[in-house]
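Below are structures written as structure tokens.
Below are two complexes that have chain A in common, paired first with chain B and then with chain C.
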Partner chain A sequence: MKLLDMTRKYGNATYEYPFAPYDVADGFRGKPEYDYDKCIGCTACGVACPSNAINVELNEAKDKLVWKFDCGRCIYCGRCDEVCPTNAVMLGSNFETAVRFNKEDLTESAELELECCQNCGKKFTTKRLIAYCIENFKKVGWSESVIQEKTKYIKTCPVCKKADSVELVSKHFSKGVKK
Partner chain B sequence: MKGDIFINKLKEKITIKDIYRMPEEQITITVDRSDLPETVRMLYYDMGGWLVTMIPNDERPLNGNFVLYYTLSMEGGKMSPDDELPAEDKCWMTVKVYIPANDPTYPSVTRLVPAAVWYEREAYDMLGVVAEGLPDPRRLVVSDDWPDGLYPMRKDSMEYNFRPDPYAHEDEPDYKFNHPEGGGLVDVPLGPLHITSDEPGHFRLYCEGDQIIDADYRLFYQHRGMEKLAENRMNYDQMGYLAERVCGICGYAHATACIEAAERAVDMEVPRRAQALRIINQEIERLHSHMLNIGLACEVTGNINAFMHIFRIREFSMELAQLISGGRKTYGNVVVGGMRRDINGKGIKRGLELLETMETQLREVWDAVMDDESQVDRWKGVGILDKQVARDFSAVGPNVRGSGIKRDTRYDHPYDFHDEIDFEVCYEEGGDVFARETVRYRELLQSISIIRQCFELMPTGDIVAPQNKIIVPQAYALANNEAPRGENIHWIMHGGAQKVYRWRCRAATYNNWPSLRFQFRNNTIADAALIVCSMDPCYSCTDRVTVVDVKSKKSKILTHSDLKRYSQTLKNSPLRGM
Partner chain C sequence: MSKTYVVPTEISELNRVEDKLELLKDIKRSFSVYRIDCGSCNGCEIEIFASITPMWDPERFGFKLVANPRHADILLCTGPVTRQMYYPLLRAYEAAPDPKIVVGYGACGSTGGIFHDCYSTWGGVDKVIPVDVWIPGCPPHPASTIYGLATAIGILDQKLKKVEHKDGSNEAPVIEKSVFGNTLFEREVMERARVMMGYLHGRELHKVFTKAVSSIKDIYNPVSSKKSLLEVIKKEEDPRFRECMMILHNDVYLKHLKRFKNIDKCNPAICFTKEEMELAYD
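What follows is the complex of A and B.
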């Protein structure tokens, strides 16, 4: 009997959802929302994601960088949000992540243009990442010549960088030997 | 120093080869393998130890041996109120034995300390070390068709080239259930999948008429190899998230235990504020888990009304979780060195309101349930866990506290912020479902008070420790915490490259399963679901049950609704006429 009295006292406890929207608390960790325009393809999110929900990889032809997200793997931890330098990926408040029948619907992907290395001409990183770096160089307040030098440096692919520095070092080294 | 009294007593009979302390209250003693059973027995029965975990570790790459670590929590036998150690003597004693790789055997501890049975069965499955004289050497963890000679936790075992072929489907061996002696018993299989919790487990109830004479069960259908996964490819940033996935209800407790084990092994201090937040999250988990369990205990006995009310109140705890952690579950918050999410004044205020509501309404609902005689009757005297059985098998959580044993790891080995918090260890005599549910109800009120105290005493400062500790390879430690179902123990040995060498996770229910069999005995089939439910392994009733009478070879399929109707009315047994 007491239980029935309680039922009367507290009335209807059911939410209207799904017929009315359900409000989540402030700071709720929902599905990561991706903003393509902000993403610079730095791959930080892909490295940080503990469950491999985000993968940032070259496509098969190796001419585009592909940002891929699989909601089925996401654990809503928010690591991607934490590490993204441009806030291109941020946890939203969407919790309605189910899809019907097709698992592919759980995934999202985006392609980013690649820049070629100024030495060897091979594609190695995204255009946006380089633009982002250059923009930030300007903010530091370096002189034009320093910026130019740094720009040259970041426009070189890691392989060429390695070759360059080996050359540089061996030059110094051989000098040392001669004397 | 801590633990010296035990060491001195042991030395009278046993040669201790080495003593290692790290952290101070975790003492590892190395003994010869022939002395192992006696050492563990002395610590367990003579000095008031409880077996909390056993870690089989493949240390061949380090020292050419397999190593077993039997860890006991020294807290007193607790069979009577004064049978308890003073707080300053409580500590962890670990008995370490080396087992040479060319002769991987050791004398079984189970003959002297029954609590070791599952651990020793698992050690064989995972590492291939044989406990000689183990009364029940069946497989425990790996599947029945697992190839012989492949032991997953050996560091070199999972190389693809060496993997033996699995059995062909039609040759799959059957699991041998322990059938009790005597004829005329009806063999009732329950399983393989329990519907509401998606948890697979297979039970065999041996019944005479309605009465359960004995039971046996096969679990681990969903062994996920998490320990191996963590060893192979995880770093500490990721491990917390994996540890969380051990359980769908008390995941937070696992994450904290895992991370704290890593922290303790290198003696890392966590800021007080983060400690308080960890406690809050843990108690929130207890709130929603205990409400779930009390609700289900009403539901399996047909009291849907009470179940609904309790779940209505549970919703407030989920809201509290959202407030603190950003999700309805308290996941994704612990990192090595602290926490990732702080709480502000506004959150605390709302939190306190929610606690207030929960407290009043819980009292109301419990009052109403206690008023309901038929409900209380269904709980009383059912599924009794005898005090001695609980002691022998090192049961944990509300299960052991319902048998009148004052055992709570928050009280025995306080961790984090617990040194500043007042709380009462709730325990009840009786050992039946009623006692366990009462313990849970009282703990709910305690949890509310603990969260309140944390909110009020909330220290200021950072929530993450400065990153100045280096992981030391081969440093190890265990971490404990009281999850809703009892104490969780995680043990971590660090490896090189900021990774883990061995992670051993022991969930609370692991220590409760072996004694379940005794809880089943002399109850009716109708109560089987309730008994398992009151132990709280996230169990639900089974979809359907085939009843086979071994003698007459008659069989009959009972549907879920048959079983449920019968468990609610106790009339017209579906087994009549068999």
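What follows is the complex of A and C.
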């Protein structure tokens, strides 16, 4: 009898879920939500992800960059959210992530087009990343000539950049050497 | 590690998908759940026990934890399957009556999670025995657990689907216009905000602060912008946001303004003094 009294006093503690929606707490870390239109393919999330739930790599034909996410491996740490420069991946509030019989349903993937290096013609980064950089240059308030110089710089792949700077240094160096 | 265990034919013949669906249809009694710890960090166990409390009450759907695999209909496997737990897992699997439903619980149980490439683990229950349901999460929230178990027995429908994005535009995402005509200001606000409050609240602080700054009429007049920022700060309820907004004004806004105007950063008419900052916590 005493137990029944106590029950009456405290009421029903059980959550209604799944018969009613469950409101998650503030700052809840749910499944990372990906916005394809915002992603520039900078691979920062792939580098930061401690469990390699996000992988950013070239596809088999090596003509597209593929962003891959495996929800089954994600530990909801939020590091991808923290490093993403465009907020393309943000932790949401979705906790209903269980799947039945088909593990592929846990995955998400996105393809991004690649830009060629203006010197050697090899593909080295995404078109969107270059467009994003140029867009940023315009918003910083630089003059037209500076923007053009920087645009040329970012359209060169790292290998060519290295070759360029070696050439530049050796040119100056040979000037100072007596023949 | 390579796969060595092959499910014996007498078990696999009784464990086809149709058999499992049939069992779920005609069961007419409670589901007995047996929990196998295959080397988990115990986070998942704690959440399983959180979800069998009266708060979540899985017995509404008939789930009951049992202490013996011979009584079980559902095997709830947590952990990435360490070398030591390999044989105990197989023994429990073979002991459970057919047809059995195997659930990979947590990021570890589903794919190995953070331990997926660790030398001493198998990286997921499905590398060893056939798994039917995956409940990701590290550890899964009790609500995810309830949802996952209800999905396992077919009460609820699965919500996730495989997503593939293709052929998007090559345009850059929209970058908002800067109040100073220089996005480096916004970038520095974001950087300082994150240093002070972390990525989650820092983002919020950045939003509140840039909104306050962009509503200032004359951005190049530090006296009036201090006044209008003070209005916003007074309305803000969280004292941490109040103080951080003052710091942002002093350190970032005045620094960027200095490029346009010759101002004295320590002038109390344009910056927030120490006394004013202390008032933020009243």
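One rule holds for everything that comes next: the second predicted complex is superposed on the first by the 173 of 179 C-alpha atoms of A that agree within 3 Å, B and C clash if a C-alpha of one lies under 4 Å from a C-alpha of the other, contacts with A are read in each partner's own complex, and residues count from 1 in each chain.
Keep in mind that, in the parts below, a residue touches a chain if its C-beta (ideal position, glycine included) is under 8 Å from a C-beta of that chain, and two chains touch if they have at least 3 such contacts.
All values reported here derive from a predicted model rather than from experimental measurement.
J.: Going by the touch definition up top, name the partner, chain B or chain C, that contacts more of chain A.
T.: C
J.: Per the contact definition in the header, classify A:128: touching chain B only (first), chain C only (second), both, or neither.
T.: Second partner only, chain C.
J.: Where does A:50 make contact in the superposed view: on chain B (first), on chain C (second), on both, or on neither?
T.: A:50 contacts both chain B and chain C.
J.: According to the stated criteria, A:78 is in contact with first (chain B), second (chain C), both, or neither; which is it?
T.: Both partners.
J.: Could you tell me if A:13 is touching chain B, chain C, both of them or neither one (first, second, both, neither)?
T.: Touch status of A:13: both partners.
J.: With the two complexes superposed on chain A, say which partner A:27 touches: chain B (first), chain C (second), both, or neither.
T.: Both partners, chain B and chain C.
J.: Does chain B (first) or chain C (second) touch A:3, or do both, or does neither?
T.: The first partner, chain B, only.
J.: For chain A, what residues appear in both contact lists, the one with chain B and the one with chain C?
T.: Overlap of chain B and chain C footprints on chain A: residues 13, 24, 27, 50-51, 75-76, 78, 82.
J.: Inside the complex, what are the residues of chain A that reach chain C?
T.: Per the stated touch rule, the residues are 13-15, 17-18, 22, 24, 27, 36-38, 40, 50-52, 70-76, 78, 81-82, 86-88, 94-101, 103-113, 127-128, 131-132, 134-136, 139-141.
J.: Given the complex with chain A, which residues does chain B contribute to the contact?
T.: On the chain B side, the touching residues are 234, 237-238, 241-242, 244-245, 305-306, 309, 312, 315, 319, 322-323, 325-327, 331-332, 340-341, 361, 364-365, 367-369, 371-372.
J.: What part of chain C is in contact with chain A in the complex they form?
T.: Answer in residue numbers: 17, 54-57, 60, 104, 107, 110-114, 116-117, 126, 131-138, 140-141, 143-144, 146-148, 150-152, 155-156, 158-173, 175, 177-178, 181-184, 199-200, 203.
J.: Using the touch definition up top, name the residues of chain A that touch chain B in the complex.
T.: Of all residues in chain A, those touching chain B are 1-4, 6-7, 10, 13, 24-25, 27-29, 48, 50-51, 75-79, 82, 91.
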